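Please go over the structures that come below.
Here subunit A shows up in two complexes: once beside subunit B, once beside subunit C.
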Partner chain A sequence: MSAAAAFFAPFAAGLRAPNRPAPPGLTTWNDSDPGVRFDVYRNNVVVSLVGALADGFPVTQSLVGEDFFLWMAREYILAEPPRSPVLAEYGDSFPAFIAGFEPAAGLAYLPDVARLERLRVRAYHAADAEAVSTALLTSQLQRPEQLPGTRLQLHPSLSLLSSSHAVVSIWAAHQGAAPPRALEVERQESALVLRSGDDVLILPTPPATAAFLSLLKTGATLGDATAAALESAPDFDLTQCLASLIRHGAIVAWQPPGDPAP
Partner chain B sequence: MTQSRAIPTTAAALALALGSAITLIDTAVAAESGEMEKCFGVALKGKNDCAAGPGTSCAGSSKVDHQANAWKLVPKGTCEQTASTTSPTGYGQLMAFKAQ
Partner chain C sequence: MTDLTTRPTAIGLGLKPEHVPEILGAPAALDFFEVHAENYLVAGGPNLRHLEAVRSRFALSIHGVGLSIGGPGPLDQDHLTRIADLVRRFEPQWFSEHLAWSSHGGAFFNDLLPIPYDTASLERVCSHLHQAQEQIRRPILLENPSTYVGFAASTLDEGDFLAEVVRRTGCGLLLDVNNAYISGVNHGRDPWALISALPADAIAEIHLAGFAEDRDGAGAPLLIDTHGAAVAEAVWALYRRTISHLGPRPTLIERDQCIPPLEALVAEAARARSIMRDSIVRETA
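And now, the complex of A and B:
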């Protein structure tokens, strides 16, 4: 073990164990007690991470209340500390942790609400990509025989969530507008999450549309994805779906069959 | 079943959908250009966009749900269809009102 590792291993372990004495080898510039200084540092680490989670999961916090959230976030931080120095990446596994967190089991929709909030943060930080022009799309109409075999590349921020609970309605009810008159929590809902400009949108999406977009994301052709969507829901509306994608700049490459991927 | 599935995925059907989608965009952009209206009495506590009486710092300053003198920007035409517990009409209003 290198000297640095010999110092940092107990230091890192000490950060997660409030009852342990300060790790060996600490000195202070003004001869104050290193144990007290380490306690302050340890507290700052946890508090800043709790703050980061609270910022990224505001609706989750609203649903369980501040005290419960603080406790749940602490348990998560101790169980799964950050693996990356990039704070925006911290919390990917929080929804799964919530799903396994026994005291929150009474709120069956909570993990999916957290998943939705996570996708939102991910979308916000996703790479930029320029949408294809309307002119390019219009030009495709001159070669309709190519459309069934065409593949679409969607914006890097675009993701989908399908839940057996009304997570989009629950999320929307926490966005400051008037509360919904009635909310049927057990209803299935799907969401399309994507960034349009600098705004992250959460759009309620019919399940067939969500399935269609998932297929496109994995490289299915327009023809195959449409056929699959129509099979699951005969009222699948391809026109509205494409219009929504175009309107939000979500199509970033249009690849007719035979064209090399960019 | 097989037949009804085969038809919509033909090249012609896809071209029709794409063509309609492009047309929809052109008309939607015109309609979408930020048509909002101030709606009084529908914002939840602390969620108003502005105007909540003297001594406040405006946005986010309303003290109760559906405060009558606090407004929120909502899509045009939806204000007077949004439920408000304080409003004499039962819905949001385009001007500040006296809570019932």
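And now, the complex of A and C:
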């Protein structure tokens, strides 16, 4: 082991193991216990990373309470520490960790609430893109025969979540100052997550619309995506769906049939 | 655009998202803002847009907290590339980093961890600085840390260590007076020994911040660098002495916890400016 490894490995291991003694080679000017001082670093690591997770998962925290969240987040940090100093990138795997965290098993909806919150953070930091102009949309919509073969490129911040729990209602109930009211959680809900200006919108979305948009995101044509949506929901309304996407500036490229992919 | 090298009495604040609308609405009497690089290494969205708006009116300092300059092994090349791109895009007055480490074995600890001051550390830090400066294409300002433990392996004082790093790499220094004070108290030594050992010409920026007070295992004061309180009077006194010694230097108030209204931070920055102006008056009197 190199001299550098002999220093860093025990220090790093000590940071991760609260019950392990402080690493060797530490000194204090007054011969006080170096372990007490080493604990400042241990504490900083956990508190700062728990704080970063709490910032990104505020509803998850509020659903389980601060103490439980601290415990769960701490276990996650020790099991799956950040791999990058860019903390906006940290937490993609937190929802899956929560799903496997036995003490939280009683809250079956918790992993999906965490997934929704993670999509929200990702949408906030997603790439910018200009919505297509009204003039272009108007001219395209005047050629309805082209619609079935048209592909749309949706805003980079747009994502979807379909859950067997009422995740959007649960999330929305925690947005105001008022204490959340009781709600039926065993109900399927889908969410559309999309940045608009400085805000990230979380919009309740019928499952068929969510499936339609997911297909568009993978490059399906409007015709194929609409057919799939109509199969599960005969009342699926393409016009209304497109109007809503346009209103939110969510369409960033409109590719009629025959147009080369961008 | 303001060049702070010609404005040594410049004052600035760490940029807080909650203050951005107020700053853009009615620009305060400040010269520059500082941001943590890692908060802006994102694809798009409001953070970058706000930073562009602030940058169009103020000078900027980009402060890294994740390069792990003191760490083992090679620097994270991907991270360094992203930092270099950010610096190219925003053209800050300075890019600064810490004499510390924060990553090991691929894991990021999100804290500024201490290193022994010995020749092995010196060589590692200098080699990392050479690499980073080459890629970022400018001298980096290196900041003195707050530390809570010492190392049996240390053979150099912190001031001598930093002075040697400056000599070998041509980097500049970001003197954090609060860190100097904290480390002084935490290691039972005079913070002035550190400050006076630093090459004055290399110090391009000064940081001031607040700390919290704890106790060590023997009941002695142990100061924790929280950036969560106003600058302490003892730190203001050390700052005054520092400015008398160095002359004015662009000075920044850091606050990352318990963020007060903007005006409270502006008042602290204004106090730094008035201390710098006093020193000029005394100098010329």
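FYI, the second predicted complex is superposed on the first by the 226 of 262 C-alpha atoms of A that agree within 3 Å, B and C clash if a C-alpha of one lies under 4 Å from a C-alpha of the other, contacts with A are read in each partner's own complex, and residues count from 1 in each chain.
What we mean here is this: contacts are C-beta pairs under 8 Å (C-beta built on N, C-alpha and C of every residue); 3 or more make two chains touch, one makes a residue touch a chain.
The structure displayed is predicted, hence computed values, not measured ones.
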item	value
Which of subunit B and subunit C A:P81 touches, first, second, both or neither	second
Which superposed partner A:G219 touches (first subunit B, second subunit C, both, neither)	neither
First, second, both or neither for A:L230, with subunit B first and subunit C second	first
First, second, both or neither for A:A4, with subunit B first and subunit C second	second
Which superposed partner A:G176 touches (first subunit B, second subunit C, both, neither)	first
When both partners are placed on the shared chain, which of subunit B and subunit C touches more of subunit A	C
Touching partner for A:P21 - first (subunit B), second (subunit C), both, neither	neither
Contacts of A:P103 with subunit B and subunit C, given as first, second, both or neither	neither
Footprint overlap on subunit A, where subunit B in one structure and subunit C in the other make contact	none
Residues of subunit B that touch subunit A when the two form their complex	4-6, 8-12, 14-22, 24-26, 28-29, 42-44, 47, 66, 72, 74, 82-84, 92
Complex contacts: residues of subunit C adjacent to subunit A	38-39, 41-49, 65-68, 71-73, 76, 79, 82, 101-111, 113, 115-116, 120, 124, 148-153, 186-189, 214, 216-218, 220, 222, 224
Parts of subunit A lying in touch with subunit B, wherever the complex brings them together	134, 137-138, 140-141, 144-148, 176-179, 181, 222-223, 226-227, 230-231, 234, 238-243, 246-247
Complex interface listing, subunit A residues touching subunit C	2-5, 7-9, 11-12, 15, 25-38, 40-41, 44-45, 48-49, 52, 81-88, 124-129, 156-157, 195, 198
